[in-house]
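One chain, chain A, links the two complexes that follow: it is found with chain B in the first and with chain C in the second.
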Partner chain A sequence: MTPNGAIAVAVMMIALLLSGPGPGGVAILLVLGLAFAVIEVRSASLIALRRAATVVLPLAAFMVLVWVGIVGRAPSEIAADMPGTRAAALLHVALICGRLFFIVAVIQLVVLRFAHLTPLQFIRALSLPAGAKRLLVLTLSLIETLRHAIDRAHVALIAAGTLTRRFSLRNVIHSWRLVQAVWLSAVTIALGRMRDKWPVENTLDLLDRALENSNRRLFAGNDRIWLPITMGAAAVILLADLFPGAS
Partner chain B sequence: MFTTPRLIVIALGAALNFSIGTIVYLVKLPIYLDSIGTILTALLLAPNRKAAFFCAWAAGWMSLAVSGLVNPFLPWFAATDVAIALVTALVTLRAADIFRARPLRAVPFAASVLVCGAVTGVVAAIVSAPVVVYLFGGVTGSGSAFIVAFFLKTGQQLMSAALLSGLTADPIDKILQVLFAALLYRATPGDLLVMLRKA
Partner chain C sequence: MGRRELIAGPNFSGRSAAMLALLRDGQFARECFYVGPYAEAALSGLSSIIADEIEIYRAKPASVGRAIFAPNDFELLGRREPQTLSGGEQVLLALHCFSLSSYGAVAIDTALEQLDPANRDAALGYLDPRKKLVATVALIDNRLPPPLLGWDCLELTPGTKDFDCDPGGVVSDLSQWKAPALAMRGLAFTYPRGRQIFHDVSLTLESGTAYRLAGPNGAGKTTLLKLLVGVLAPSDGEVTLGGARYRPWRDGNRAIALATQNPDHQWCGATLAEDLARRRAAFARETHPEFLAEQRIARLARSLGVHSLDAHLYELPLAARKRLSWLWPLCGALPWVMLDEPSIGQDLSTRLRLAAAIARLTALGYGVLFVTHDDDFAGRIPHRVLAIGERTIRATS
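Let's look at the complex of A and B:
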């Protein structure tokens, strides 16, 4: 399976879920997602589920606090101007969080399907314009640069007595200096790379060559199985929604 | 349009959005601060409005693509990022000279930040409200959910609660973002601006 195929399948599954299918459609999507997990990702699927739970559970707790704890009614009850119940609000949170769990799990399944690839190899395998690939690599690289700049500036400002290690009023007042120091550090590094380092080392040409995908086919291998299956599932779900009495 | 220095600034803007936006999301503040990089990217390309819009848009979407793994809500607000890039290119760029003037002219600076931030905030709130309602049932993971809850408690319908929440939180958030972006723009070395303005 190629990253292009996996992303196309994931996008279709997420779009179908967001189209608001009935219980039958949701069941089809769950079976499809499960089959993808078992066949393509195998035992690593458990990691995907764990990561999805890690992302969604705090959010679910937050939504329970807001909807069940504070609002105490479901949106449908508010729209109908009914008194409402906390149980209905809880059901609303469960539906939203279930949907979100599925979305995050599908994204994580795709990430884990290609866990053996480095970010550079993954980006290389994508069918994207060269400029977009270059931009993705530069963004990931600069996120690392910013992280290092944050560490360095943070330590320097603590050593200078401007910030403290723990939460304090001084940190609130002077945190702007940290942001400014990080930005100046990142800009200086980027300027140095663009003006001196990259032209001497011919970095951008080498990067473009490294990102060039020798395999020109958009889809290959198992893509030819998963894409028709997903499109078939989409057709069934959408037709079932259009003609609800047919089933 | 997308010269190497501009690609670097887009990537820097995306990295800045990702870093600050992620911290704010994790500490549940009722603001977002996730578009400072988008606004700053446009400001760095002033006065070229077309380049500013497209580069700011690219920075916004690039940060959404990367942030989506940490915060699964963010990518759905792609249209909001386009709106922010557009408003910044059309409105905020007019104040670029004021933001960079030396010495700092406090009154025009503050007035420009307030006006540009408020306009950006109102537009962002209007574009975001349908996404908050139809995709997330009214509550996203950010602290602004408490404001939605407040308006729902006062008897507002979901759509109007989400819109009112946006109109309450977004202008304050965007005024702060324009302020931070303007201050970073002031601090940016002139060498970088010269490189960026060479098409």
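Let's look at the complex of A and C:
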């Protein structure tokens, strides 16, 4: 399977989920996702599920608190000015969080499917224009710069006695200083590179060369199996939505 | 025929600007690899793992017929993030990338000062014109006295005196302060998903003594400083201060003034006034307010070449920021002073004056722990050596 094929399959699955399919359509998507996980990602699928849960569970807890605990009605009931129930509110939260869980899990499955590739190799393998690939690398670079700036700011503020390494009230009070220090660090790191190293070396031209992909085939290998299956599933789900009586 | 250009001169003589001008004029080299003073300007910043950093620079086809500079096995470290390497290791990685690239020239701005003696010798050997391994080199290095055999020397005259610096003036009004002993018992530390750095380290650091942390690049010198100020938490063991349990990673740093290797890892405000106001608030209970009184701090900043507390830190030249980073440890507000590579990027006369200031601080009873690869600088401070290696620390002299 190629990164192009995996991303195409993932995008189709996510788009279908967001189209609001009925229970049958959701079941088809779940089976498709499960098959992809078992066949392509195997045991690492558990990592994908764990990461998806890590992302979604805090949001789910917050939404349960707000919608079930405080509001006590689903948004549709509020719009219709009905009294509503907490069960309906819980169903609303479950639907939103279930969708988000599926989306994160599918993205993680694609990431883990190509865990043997470095980020640069993954981006190089994509069939995208050079500018788009460069943009992807620069986006990753920005994320890394921010992570590095957070590390730097932590060192500065902990050594200066302003923050502690563990959670503390002091950290909450001074959190805005961390934001300021991270911002200053990120800007200076980025400026340092763009002012000196990149212009001297023409580093970005070098990057374009490093991202050139000699293999021009868009899809290969298992792509030829997964893409038709996913498109078939899409056809079934969309037709079922268009002609609900047919099913 | 290759060219070797050593750009010499004191701080603020315009060496970095002269180097960049040389690189831009096109006659020095058509394209040039650049290793800046600190990690952020040594690596490309375009890769999230070491293997990708190498891949970006690797020439295609892979072999360009040049000797590969590989003091470390970076292929083995391929999955690590470049930022998790020590400062010296990042410089070595940059040189490794250069050796794999198709660049015909390399420019190095003081970065070799971060290397341990063995790696520094290896790097200088790699650049040596007699070995003909690298065609063209421009170098700024405060520890290489010109003339060098086979090198052209661009000797710059002293420039602005605006940043003239006297570290001795910072410690001149300090009086005796016996620092409490800092002890480690069974200290262990392992980076998450990384290697073990320390195992069962037991050590007592006494007041009135300067300790030099020595060891190869990546041995864990900076890691120990981060443990003692509370940036990292040990995986086992304990630290005591004056016999009482001291857990800065849990309760916050209360006793140690740290100057980081890269001064920009140290600031907690946009201006010096803001930075010091925050330190004043954080250490109000641990130190006498006089140490951080605004008038005194303004005077100390002037001694280090900065004439306004409201100057934006990042608008000062790097060498001036490095000097300013000494203000906090040298002002005497806290009993323990830790300096990570304090002499990097500084000319000889400044290094000598800094060494004298540290020696005076030690004589007054403060505890001092410093990291340096500069033997000449360390030799001017009466000190004991703490050698880091094989996951432990040994006091050797």
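We adopt the following convention: the second predicted complex is superposed on the first by the 186 of 247 C-alpha atoms of A that agree within 3 Å, B and C clash if a C-alpha of one lies under 4 Å from a C-alpha of the other, contacts with A are read in each partner's own complex, and residues count from 1 in each chain.
Heads up, the rule we're going with is that contacts are C-beta pairs under 8 Å (C-beta built on N, C-alpha and C of every residue); 3 or more make two chains touch, one makes a residue touch a chain.
Just so you know, these numbers come straight off a predicted model, no measurement behind them.
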Partner chain in contact with A:Thr203 - chain B first, chain C second, else both or neither: second
Touching partner for A:Gln180 - first (chain B), second (chain C), both, neither: both
Which superposed partner A:Gly192 touches (first chain B, second chain C, both, neither): second
Contacts of A:Thr164 with chain B and chain C, given as first, second, both or neither: second
Partner chain in contact with A:Met63 - chain B first, chain C second, else both or neither: first
Chain B versus chain C as contact partner of A:Ile103, first or second or both or neither: first
Overlap of chain C and chain B interfaces on chain A (superposed complexes): 138, 140-141, 143, 145, 147, 180, 184, 188, 190, 193
Chain C partner contacts - residues on chain A that touch it in the complex: 118-121, 137-138, 140-141, 143-145, 147-148, 151-152, 154-166, 168, 170, 177, 180-181, 184-185, 188-190, 192-193, 196-198, 200-203, 206-207, 209-210
Touching residues (chain side chain C, partner chain A) in the complex: 20, 23-24, 31-34, 36, 40-42, 44-49, 51-52, 55-58, 60, 78, 81, 83, 101, 103, 107, 226, 229-233, 248-254, 256, 258, 260, 264-270, 275, 278-279, 281-283, 286, 314, 328
Footprint of chain B on chain A - complex, ascending: 18, 55, 59, 62-63, 66-67, 70-71, 73, 75, 78-79, 92, 95-96, 100, 103-104, 107, 111, 131, 134-136, 138-143, 145-147, 150, 176, 179-180, 183-184, 186-188, 190-191, 193-194, 204
Chain A contact footprint on chain B (complex, rising order): 2, 4-5, 7-8, 10-12, 14-16, 18-20, 28, 58, 62-63, 65-66, 68-69, 72, 135-139, 141, 145-146, 148-149, 152-153, 157-158, 180, 183-184, 187-189, 191-192, 195
